[in-house]
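In the two assemblies presented below, chain A is common to both, partnered first by chain B and then by chain C.
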Partner chain A sequence: MLVKTALEAGYITCQTCGKLSAIDVVKCPLCYRNLAPRQLKSLQNTLAWLCTAILLYLPANFLPIMFTQQFSQYYSATIVGGVIDLWQQQAYFIAIVIFMASIVVPIIKIVILLWLVVSVKYYREHHQKQRSIMYRLTEIVGRWSMIDVFVVAILVALFQLGGVITIIPGPAALAFAGVVATTMFAAKSFDSRLIWDHVNTEGKQH
Partner chain B sequence: MDDKIACLECDLLIAPPILNAKQSAYCPRCHALITAKSYNNLQYSLAFALSGLLLMLVANFFPFLIFDSQGQILNMNLWQSAWTLYQYEEHFLAFLTAVFIIGLPFLLCFTLVYLLFPMIFLRKLWFSGQTVARVFFEVRIWSMSEVFLLGVLVSLTKIMTMADVRVGISFWAYVLFVFCLSAALANLDRYRFWHYTQRIINLQRGHHVS
Partner chain C sequence: MSSSQAIIKTRPKLSSIWLIPILALLVSVWIVTQHYLDRGPEIRITFQTAEGIEAGKTKIKALNVEVGIVERVELHRDLESVIIHARIKPDAVNLLRKETQFWVEKPRIGSRGISGLSTLLSGAYIELGPGEGPIGKTEYTGYANRPLTVGKQKGVNVFLLSAASSSLSEGAPVLYRGFRVGQITHLEVLSSGQLRASAFINEPYDRLVSSTSRFFNASGFSFRLTPEGMDFESESISSLMSGGVAFDVPNGINPGANVKEGQEFVLYDKLADIDLHPYQFVNEYLLLFDASTRGLQVGAPVEYRGIPVGSVAAISMDLISDDIRNEQDVPQVPVLIKVDTGRLVGDDSIKGQKRLQDRFVSYVAQGMRAALKNASLVTGQRVITLDFYPEVKAGEISQLERFTVLPTISDDVDRVISRVGIFVDKLNKLPLNETVVNANQTINSLQLMIEQANHLVKSGHDLLAQDETQAIPTELNNTLQQLQATLSGLSPNAPVYQSLINTLDQAKVTLQSVERVSNALDSQPSSILFSEPKDPDLTPGAHQDEK
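Presenting the complex of A and B:
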């Protein structure tokens, strides 16, 4: 069997519904999406979103994510501080979940996407399958980073109801939501088909 | 053109898979899922989406968390997590929270019913069904109800030592809602959904149906 892509055969694949259209069709006849052979300016857009994510990652980690007020005393907590607190309360499992979701996942996601962009741009013919798996991974795990923002939202609402403690959302919460959103946009604007383009597929047996 | 399909992740041109009920198809080159087991089907998806809608309704009208503070019982409902952020002038964050945990999950359930009910029972699409379906597939990744649920568990662990907090009816409804939404989305196979949509469009145009 000859390995051939839809583009080489003269078709455009719709990324939403998977329908093949002739190369000169502008709008997908099945789902009305605007068609392009590959996502327009995929690498540029991905890189731009990634830069934004890296910039937002700094305030997200160094500024406090929430303030705790008790008897006119203020405490502020950063994301890392929250993880350390949980660890000291011996909630090890939850501490690991938060640590993974808030600190490890965003970094890994940014690194993987940077690697994908660079590898597509410069050396094209290594580890395609691994890179595909990596890309799929970034798409799946990205949303789970939002967990810390939701924790703040719940705590803020709970302690506003009454009691001696008040919790106020900090500036890092919005920055962190921004990190999650921008990395999700970065993953979405990366076109995984670029990993496999320029591979010499003609006549290759599979 | 209809006798070929392409892998969405690497654009490899392949023949449409012919599978029995327990087989899934993966791209031979990049191993992306092409179509999942067909006993995960659109009927299940519709059923779960309908139950999800009802549960979401329940989740909106009962206390989510119950806070017992010095004999005073205080209720927090589902919307309050977003609403309190709004009161603290975090308007954009409040908007994102409301959309991610209530708005989008609810809309996804509603859209699924809007799309699948006429497809399955009436063999047609309701008003701008194709556009609605495209938007559905583009925004489904932004629904974060299951992440919120994990967030609730983390918050409860964090404050267990500080306060007496119990979960209310709305919490359990939301748990079931998350289960239903996940099941509805897992049973919705992209390839089969669009294949079926195409057949309905052909039917409406009076073309030969294969």
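Presenting the complex of A and C:
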């Protein structure tokens, strides 16, 4: 089955509203977004954001995400430590949710985006179907990745009881928020249209 | 295609977004370097136990200011101690001096109240006690408890020896007339079975402790019912609860020289004891007697030429083991005596004990022996005397099981006493009553004779008054001759007269001896029961006055 992309048909898709315009139209007549057939340096930008995310991911996991001060006793917890604690306290559901949201999801997102970048750049004729599935997966899991930052934010706001119990956000919370933000930017700067550019050359050698 | 021309700009090949990961990298590198540059030195502290210490959580504090944190806890290779690796903050590096001390601060309830309460919730922490010396030490040995002297705290440390601790505890107060001047810092059991407590007296008060001071247990209270009413005594409420010691100088003793660090004192049971028995250190000697020790009691004095130098501690066959008793044909009676070193050597200390021992060795070689002597004839109370007997051979101090044995001598006192007894018996048997009756009878008969003579004289006078008598001279002559014959019976040569004189002499001698006894009874009625009163007990300090 022969499939034409919009570009091949002489049109530009608006990435905001999805309207097809003629290739020489500069601004989308519907939503006034600047139109470009393919975003310039999309892959490079994505890669840069992903590198930042990877750099931030290390402190996000190794530094404490929050400090608990309870009766002048001082605990610090990393994300992994917190998950283990929750698991040991038999809060399995919360442990799984935090584990998925804080560790699995960012890694999946980063790995998929990296794979997409490499795949689009060097293996454009291969894995076109998988690329579509993977891209949609990042869309699905991406929205859960902020849950950890929210957990910390809520706990910090709730437990400010002076000497009895106080929760203070740790440096990892900031780094983790950075990871989430940069993966969002990475996903955003990835021009999804690049995925299907060689849809008709599937499996063929070029 | 569109007619309009695309505007072509040359763009750099690299996206500007790459600045962000580079910035992130630089920031993280900077943070990591800063972390390693900023962290202070690592020190290792060896502790007996890591109780309450957690890696990454336990803090090191100086005066409650955090100066470091425990990073790692590991077992020492000998498995008998733990090594704590701690990271000290860079601004606290100058606290790490040669004499800096570390100890674990835990909640503790003492007489001063509750300390370290905050550690109940926060867990133990390691306290850093600043010390003197050059900076830069990294290996320390930690204490389980707060050390005796921390930093610049000044004072004097003395040891208190006692047989039983009663109720002493570490941290218990040391009181001087009810005022807290120090505390018990450490308790340990010596190999001899004695308990040794270390007491630290804080600086302004260390001058109160002198060589003549006596320490006594101040815990508890005394309660007496006297004719005046109830008498309740207690040092302080806190010592009542937690135990404690107090010290004072015995009555009538001048404070001696200032005490030296580490001097040893004996801990008395109660305040009254320090006046009762002011000497602290005694040497024990075992005496083996062949004779009866009847009349010798525990507590009886040991005298040297009449001066009390100690007391009898125990009289029991159990003092020596059965094996030794089996070896003896006739079992000897063991008597344990205590000799006060302060009285004989003038040095009431452990050193004095040694000196007394040395001196006794030479004394015994010169003929000193212990003997049993009667203190009172009537009650039969006995004392132990130490004296020199030049006639005996040179003896020596021997060792019997755990005791040092002083040689004894059987005194000839017993024989003297038996002689005195015989004399008293004889005195009792003297026929005093008969003699007096005889004398009375003799006097009566003499009186009768004189009456008869008077009667004769009277009848002669009557006769003379008669005319017939005057007229008859021959009759008168006869009568005179009769009278002369009668009177000649009363002359000094006559046997009646002689026996009268003898009887009177005997009565006189007897009455004189009776008078002596009665005089003695008049002046000291107690002498019939007790021996002569002793001199008052010697007290220490007297010899120091002489110095």
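Note that the second predicted complex is superposed on the first by the 193 of 206 C-alpha atoms of A that agree within 3 Å, B and C clash if a C-alpha of one lies under 4 Å from a C-alpha of the other, contacts with A are read in each partner's own complex, and residues count from 1 in each chain.
As a convention for this text, a contact is a pair of C-beta atoms (placed from the backbone, for glycine too) under 8 Å apart; a residue touches a chain by one contact, two chains touch by 3 or more.
Just so it is clear, the structure is predicted and the values come from calculations on it, not from any experiment.
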Taking chain A as the common reference for superposition, should the pair chain B and chain C be classed as clashing or as fitting? fit
Quick check for you: in the superposed arrangement, does A:I133 touch first (chain B), second (chain C), both or neither? first
Which partner reaches more residues of chain A (counting touched residues only), chain B or chain C: B
Chain B versus chain C as contact partner of A:V97, first or second or both or neither: first
A:Y74 in the overlay: touching chain B, chain C, both, or neither? Say first, second, both or neither. second
Chain B versus chain C - smallest C-alpha distance in the overlay, whole Å: 14
What is the shared patch of chain A, the residues that chain B and chain C both contact? 22
In the complex, chain B residues that touch chain A: 1, 4-6, 8-13, 28-32, 65, 67, 69-70, 72, 74-76, 80-85, 87-88, 90, 92-93, 96-97, 100-101, 130-131, 133-134, 137-138, 141-142, 144, 147-148, 150-155, 157-159, 161-163, 165, 190-191, 194, 197-198, 201
Can you check the complex and tell me which residues of chain C touch chain A? 1-2, 4, 11, 14-15, 17-18, 20-21, 24-25, 28, 57, 118, 121-123
Given the complex, residues on chain A that touch chain C span 10, 22-24, 40-41, 44-45, 48-49, 51-52, 55-56, 58-59, 71-75, 178, 182, 189
In the complex, go through chain A and note every residue touching chain B. 3-9, 11, 13, 15-22, 30-33, 85-86, 89, 91, 94, 97-98, 128-129, 132-133, 135-136, 139, 142-144, 146-151, 153-158, 160-163, 165, 168-169, 173-174, 177, 181, 184, 188, 192-193, 195-197, 206
